[in-house]
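Below: a set of structures, written as structure tokens.
Two complexes come next, and they have one chain in common, chain A, joined by chain B in the first and chain C in the second.
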Partner chain A sequence: MTDAFTTWLLLAGPLWAVFGLWALPRFAGSRKVKDETGLARLQVAGVVGGFALGPVGLGIFYLQPRWITRASLTVGLLLAVFISSQVLVRIEDPNLPSALWLILAGPLWSVIAAYFIPRRYREAEADDQNALTAAALGGFAIGPLIFGLLWQHTPKISRDWIIVLGSLGAWQIYTLFALHNADNLCVAAPYHITYLAQQTANGVVIGCIYSLMAVGLTLIYSVQGIVSFAHGQLYMVGGYFSFYFLLHGSNLLSELTGTEISINPLWGIPVAGIIVFLMGALFERAFLKPMHEGLIERVSEYAILITFGFGFVIEYTTLAIAGPFPQRTDRFIEIRRFTFPRTQITDQFTFGPINIIGDRAFAMVIGILLIFALLYFLQRSWTGRALRATSQDRQAAAVTGINPTNMNTLSFGLGSMLAAMSGAALIPIFAWVPWVGAEMVGRSYVIVVLGGLGSVPGALVGGIIVGIVEALGAGCHPDPSRGAAYKEAFALVIFALVLLLKPTGLFGREQT
Partner chain B sequence: MKHSKALFVSIALVALLALAPMGLVSADGHCEFDDYTIKLGGLAPMSAPGAVAGGVAMDWAFKQAAADINADCGVQIDGVNYMLEVITGDSEGSPERGQAVAERLILEDEVDGMVGVYHSAVGLATMGIMEENGIPTIFSEPWNDNVSANGIREFDGAPPRFDDGIDHIFRISPASSMVGSVVTDWLIALGVEDVVLIVENTDYGQPAAADEQARLEAAGVAVSQIDVELGTEDFVPILSRIQASAEPPDAIRIVVTGETSFNLTQQMAELGIAPTPDTICVTNQIAFQHVQYWATVPDGNYCAFNRVGIIPSLFNDTAIELNAAYEMEFGDIVPSFGMASYDAVFMMVDAMERAGSYSDAAAIVEAIEASDILLSQGRYYFTYGAHNESMPADDSMPDFMWHQWPDPIVTVMQYFEQGQSSLDAAVVYPEVYQTHGTAYVVPGTSP
Partner chain C sequence: MALFQRFEAAIDAGIGRRRLGYALLALIIVYLLWFPNDTSQSNYAKTVFISGFFYAIMASSWALLAGIAGQFSFGHMAFMGIGAYVAGLVARDGLAFLTAESISSVGAIVIGTVVAGLVGLVIGMLLLRLRAAYLALFTIAFSELFRIVMLTEYDYTGGSNGLSLRPLLQIADVETARQVEYYLMFALLIVCLLAMYWVANSQVGLFLRAMREDEDAASALGVNVVRYKILVFVFTSMIVGLAGAIFYSDIGSERIIPEQLEVLQMSLIIAYAVIGGMESLIGAAAGAFISRYLLEATREVVITYPFGLTTADGSNAFVWEPGAWRYALFGFVMVLTLRFMRNGLLYPFITWFSGRDLVMKETVAKRESDEDHAARQGADDE
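The block that comes next holds the complex of A and B.
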């Protein structure tokens, strides 16, 4: 055990956090409000102050209880993270803190807390909505201390609790990772911040693009209650419609004008969207409407099979028409940053140390704009509200004069359109083949469940989370040779964890 | 009477003239075909997740070969002409699917021989089925060394896997080691000191990369490897990792096939990682398909790639005709696996004709071993087999040379102009095939 570690354990750290958890509410409580919220805040202050600065921190909060604010606790938490990380990285043997962490916190305490604390909330007839999540994250991050915070007074658990405990747990993982992989690009100073920022930016950019496709899927689910297994193929065919529109449109214009004209791929996006909207709407009318009219006996199986079949037909028809050879359209935008000789060709936006490929940035902006346009449509227009109303209660919606049948058609058409526009936005970026949708659609299912089935903002957030997790996972994996191969697995781990802790997904609502 | 005679002669002449073209048709189709149609099974990936573009090219080559053979009176055995049919089975690039399709072709379609196979995993998985059923087989594309090496091991080893003691598997594509050695020799000759291998996680990618890594490290080159899954579209996170390294690598070698390699190469170029004056880009052989390559890798100028098969300047008449037909169909240059698949059908037919049987597997295998035939990729023959078992037991002759065509041409080519045809790209290695007098065209320059 090193001197730094011993000193830290004596002057601050987990022992003082335990003491603070017990002492601060007891001694400062009489001088501070005694309601439930105040008590919980004192407990948090005891843990944070003790962990960060030991007796000094506790003394400050004891003498000046009015300084116990959200801001001071955040600062204290950051200070605790900083000091302890500085101490831990100086430890020569990384196994020691890992072993301590596994004993004092980590997955074992996470499971224990997740088992007992929600029961305690139910017994106390307290609001247990976030109890499971907070207990699991708390056990993981601060071990048995979470019982001290939550057991006796069962305080109302806000989203702040989850964010703080989750961040603390993530920081611990990062610190332990750093201890065991000191040379990893994600932890090795001085460039790790830049590198992490670059990888996070990569993740955000691709995540927004993922989201656009997932939004269509979630829209269909929210209104119709079915998962479209043709979504990947609609995404793919959207790219092809854009490609052929641009190809033939450019040729036609060139012939008419006598000069070489190349239509910007941006124009392919609405064209693909409109065509595929009509395809989706027609398919819905022909094959899904009977299902909603009660003409189909086994609705769930029918929905799976019919959408799967639709996707199959689209894929193989496209293969027959377009062939198996990869295609790609021109760029959205030509950005030439000459930094010869280090880089000969770069088509990138540069924000300080972060580089983003121009077309990806453009596609990301398109994705965000389309998602916000959809949100605006759903929130502000009568038709959008009708769609939302149908998704919440079809019968009640029908009573108010909304035609659920039309809403079904509209939702499937819109969902298909969004998939196609997503494809049209990505064909300038990826090599396009008739089976290109397979990988993307698998990820879309993860995103919509992660974000909460039926939630548009959930799909956006879920997409970004998946993008970031994949980028950081591939970029930080200790074994560089395996990072890229496990990319999708990282997102699936997060997906599984979120579903364990919050089965409705991040923004999902309980089924009624 | 005279009039009627003249009329008769005239009618006869007109009839003769009218029938003459029919006679010509008959002459062209002079062959009287037997009722029996000889069937060959062609395994190719016709749907995802296999390399469909490769499968389509192979399927086309099978059909083209069958059409050319049938136009020339089919398979001629002991004075009898047999129509030839190649039935393509879709392996989907999956070993399990490949096995199922191989069994169907053998047991239901009752094929007399097998050709094709693109993915090594399918080749390795289906070999046993062909052996068990005694089906002469000529693989035209799988590269894994063991595809041919297993023959000598099983044939010589005890106990033998095959009841009849015959190894029915032949290969006319190169083994991975044959390809890898050319690329690594080139990189070593250029004096690179560190190489990043980006490798697909398949039965082709991993052994090929292991072989290249061993060769490079033996020459003192530092090698780091990054594995990727086929079908991945976004490589930016992993490429950012390369970008963040203190010094750019001297070379990045892509051991990834299909459109996945196109995405990877393009993203690498977009990020300015390679090709650059500091870093050599060595991409997959499919870059030879220049129409596809430039359509999907517009920034890929100055990338080098390994070319398997005869170089365009050495195309013989068969290759020129085949390439013209392929270009007419697909608008691109014929790939090596298309040429090899075409040749495999001809080799099988040639062997059947020499064996005097379409069903005597032992005789056909013996005839394939004795092959000496000039086709689109050159002169085919097999050095080692039952006809010549004297393979050196030491390391001087690797096991994969068993039932392996020893002369596939492997070169390194490099584009040096945006949108350039692969027919005009520079052959940079081996020196004997160099077309532009240089072993490497530095980005930003012309040879």
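The block that comes next holds the complex of A and C.
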């Protein structure tokens, strides 16, 4: 009984619903209904009836189309919810159905909803801008119920809808993890709250640095309209510039003064920033300027390849000079914790149950400060305003006396500088090898696309989201070793979904 | 320069450029066919040539996808990996109702190719909405995801140790085995190049080029953009899937490892294609083969001191191991090629031999004379 019931719900319910969606308007509709709302109502009836009662429900609605009223549909919907809830109650082994629901039915409903709901919005001539995203997320999170929410009145879907539905979907994945392994640190009471808080805090902290890098990418995109594929390598080389500056600078100072002096890694950040700014600006002058002058055919392809080649050169040159050995600089700070009877030196800040590694916190502060400095520069200074003007309308900016060519160079230099600075801020934390860039740049693409290419606040929010998703995903995956290995993959899945569902991202400008 | 022009004129008067080109091509093919019989060459050299053929297939199929159809995919290596991994997994674990024993190694390769094509179909459909940079980003994400999954699910794929495919040939003698593998890979290259040439020079190829230049205009003129985009994606995916499955089951000692799927490896393929010429299949293939050979040959550079000079310890040569510098230089060449010779370093040769530059010169001269004519007429009218 149990098994049959489960199977019915997991497979046959959705299947009948799809069948109903297709069949009911076709067969019942040909006799009775001609207008748009009637058609929509028949489709809803097909889904609800099919899901709740299978062929019986469809048969009833087929024979008696006048029973399709708001009341009966509501009853059917409630019935569907009730049946769904029964699954979890009735079955002895709670892992199987929920997992199956998520793995099979969640994506299945997501695809179904993504197919039908935008169509419905277009038929109703409603604003279908976010319909696809909401439908896909909602289908995953709440299954067929998303039809009930969106079908009849086609409400305007704001960003809040997407955030709520996305959170619901995330909650479901969390449940899946929980069901898969009850000893999971994320789930096992009483420590799970602490653990979650810790992971979230880690995510936010590292996310701010991710943002700094992504802001550079977004700045280049907003002014020049190109994605820099050398960004990861500039980040990497920024770390190395900082490393070598500190190494040689400390040695030189020690020799000059005769005492052991080590420069604080903080100083590496502006040094790396300035050097990479010049590198980026030079590259822009030499290779991207001809592109804007119309000397080169098929600009977008050229931009992809030339920045990619630039990154390739940087990466192998660094490998040739620095070698494949992991490097790391000193810590930024040492924290003194006052405990009786003596002061302890640790590398962690402690806020109640949450520990944050001091250098990470410091890097976060640097990241936030730099982003705000950039925002201040963009909003207040003449040059910053000129940059923004160029990003909005090149011609109009040129008319008012802004030199777009210089703005291009400036934007590429600044963007590269931000990448290098985040590299220099992270080298005390991560072991640095010449291919760290490849891993990191994937993340910054995720961030800029999630936040919307060309939007600075988007990059900030996106960075934090990606940080949290990675930390929670890696921390909560039922199999810890897999979780760590899939760390990047969680962000990449989000990336692929955003690209497919809503390429403009959360804060992006509409594509023209 | 004058000498070269005299030479040019002599060729034009005599054998003709096109025929000279074909003769050269035939000569190269004959040399490549003879090469494994050359007893002075080591097995290592043959291995380098075999991998050169493999990368030639990769680069030329990428040239078809990116250079001719304008689809900037960074997921090419991933499709190669799908072909190889699926062939290996199927040969080891079987597939649905087929047991592993009932699948021959050829069957496994066919399944790998088909699966690569199917995945190419799905990805191609998803990519329809995306253009240029977004497309590149999506394919990077896809390829990274695939790599991470292959790396992590080590119970099935062997993780970073890689997966060894069932050997296609079972020849005990190493020398003969290398020779057979050599001919197999060479034949595969020729077949793939011919197939791609046929596609690129058919009407489909024209449609693809039209789409590359302006998708909306091509669509307005009646080119079924959706169909041909998906078609070219599936076609190139199957070619690289096949190449991957054969390459990794061919050379028994090599295993398919996730490292092979990294973006860095993909960037090598792109660099080969760019240096050889992205818009010409044979250019990209030759570019890959030559670059591969040069990169291998410069692993260790021995510089003999001139005039019989010796160092203090009596050696008369200096051994330089350039290591990563080779690749750095290689990347630099790629960037310069992109900037100054967009059609690749081999493009001048190809145009010269095909006589295309003659046609170009004629067209330019004709246009100029037309313009002169028009200008004179304009002056007359005034």
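Methods note: the second predicted complex is superposed on the first by the 306 of 512 C-alpha atoms of A that agree within 3 Å, B and C clash if a C-alpha of one lies under 4 Å from a C-alpha of the other, contacts with A are read in each partner's own complex, and residues count from 1 in each chain.
Throughout what follows, a contact is a pair of C-beta atoms (placed from the backbone, for glycine too) under 8 Å apart; a residue touches a chain by one contact, two chains touch by 3 or more.
Just so you know, these numbers come straight off a predicted model, no measurement behind them.
A.B. asks: Evaluate whether chain B and chain C can sit on chain A together after superposition, giving fit or clash.
C.D. replies: Aligned on chain A, chain C clashes with chain B.
A.B. asks: Applying the document's definition of touch, where does A:Ala373 land relative to chain B and chain C: first, second, both, or neither?
C.D. replies: A:Ala373: touches no partner chain.
A.B. asks: Regarding the shared-chain residue A:Gly475, is it in contact with chain B (first), chain C (second), both, or neither?
C.D. replies: A:Gly475: touches chain B, not chain C.
A.B. asks: Is A:Ala438 touching the first partner chain B, the second partner chain C, both, or neither of them?
C.D. replies: both
A.B. asks: For A:Gln327, decide between first (touching chain B), second (touching chain C), both and neither.
C.D. replies: The answer is first: A:Gln327 touches chain B but not chain C.
A.B. asks: Using the superposition on chain A described above, determine whether A:Asn202 touches chain B (first), chain C (second), both, or neither.
C.D. replies: The answer is first: A:Asn202 touches chain B but not chain C.
A.B. asks: What is the contact status of A:Ala396 with respect to chain B (first) and chain C (second): first, second, both, or neither?
C.D. replies: In the superposition, A:Ala396 contacts neither chain B nor chain C.
A.B. asks: Can A:Ile306 be said to touch chain B (first), chain C (second), both, or neither?
C.D. replies: second
A.B. asks: For A:Ala124, is the partner it touches chain B (first), chain C (second), both, or none of the two (neither)?
C.D. replies: neither
A.B. asks: Have a look at where A:Ile193 lands relative to chain B and chain C in the superposition and call it first, second, both or neither.
C.D. replies: Once the two structures are laid over each other on A, A:Ile193 reaches no partner at all.
A.B. asks: Stretches 20-28, 38-46, 56-64 or 182-190 of chain C: which one clashes with chain B?
C.D. replies: 38-46
A.B. asks: Residue overlap on chain A between the chain B contact set and the chain C contact set?
C.D. replies: Comparing the two interfaces on chain A, one with chain B and one with chain C, the shared residues are 319, 435, 438, 482, 485, 488.
A.B. asks: What part of chain A is in contact with chain B in the complex they form?
C.D. replies: Interface residues on chain A, with respect to chain B: 185, 191, 194-195, 198-199, 202-203, 206, 319, 323-328, 339-348, 355, 357, 360, 430-431, 433-436, 438-440, 470-475, 480-485, 487-488.
A.B. asks: Enumerate the contact residues on chain A facing chain C in the complex.
C.D. replies: Against chain C, chain A makes touches at 226-227, 229, 286-287, 290, 296-298, 300-306, 308-313, 315-317, 319-320, 435, 438, 442, 445-446, 449, 482, 485-486, 488-489, 492-493, 495-496, 499-500, 503.
A.B. asks: Can you tell me which positions in chain B touch chain A when the two form their complex?
C.D. replies: Its residues touching chain A are 47-49, 52-53, 55-56, 201, 224-229, 231-238, 240-241, 244-245, 248, 259, 262-263, 266-267, 269-273, 275-278, 289, 291-292, 295-296, 298-299, 302, 330, 332, 443-444.
A.B. asks: If you look only at chain C, which of its residues touch chain A in the complex?
C.D. replies: It is residues 66, 70, 72, 126, 129-134, 136-138, 140-142, 144-145, 148-149, 151-152, 212-213, 262-264, 267, 270-271, 274, 322-325, 327-328, 330-332, 334-335, 338-339, 342 of chain C that touch chain A.
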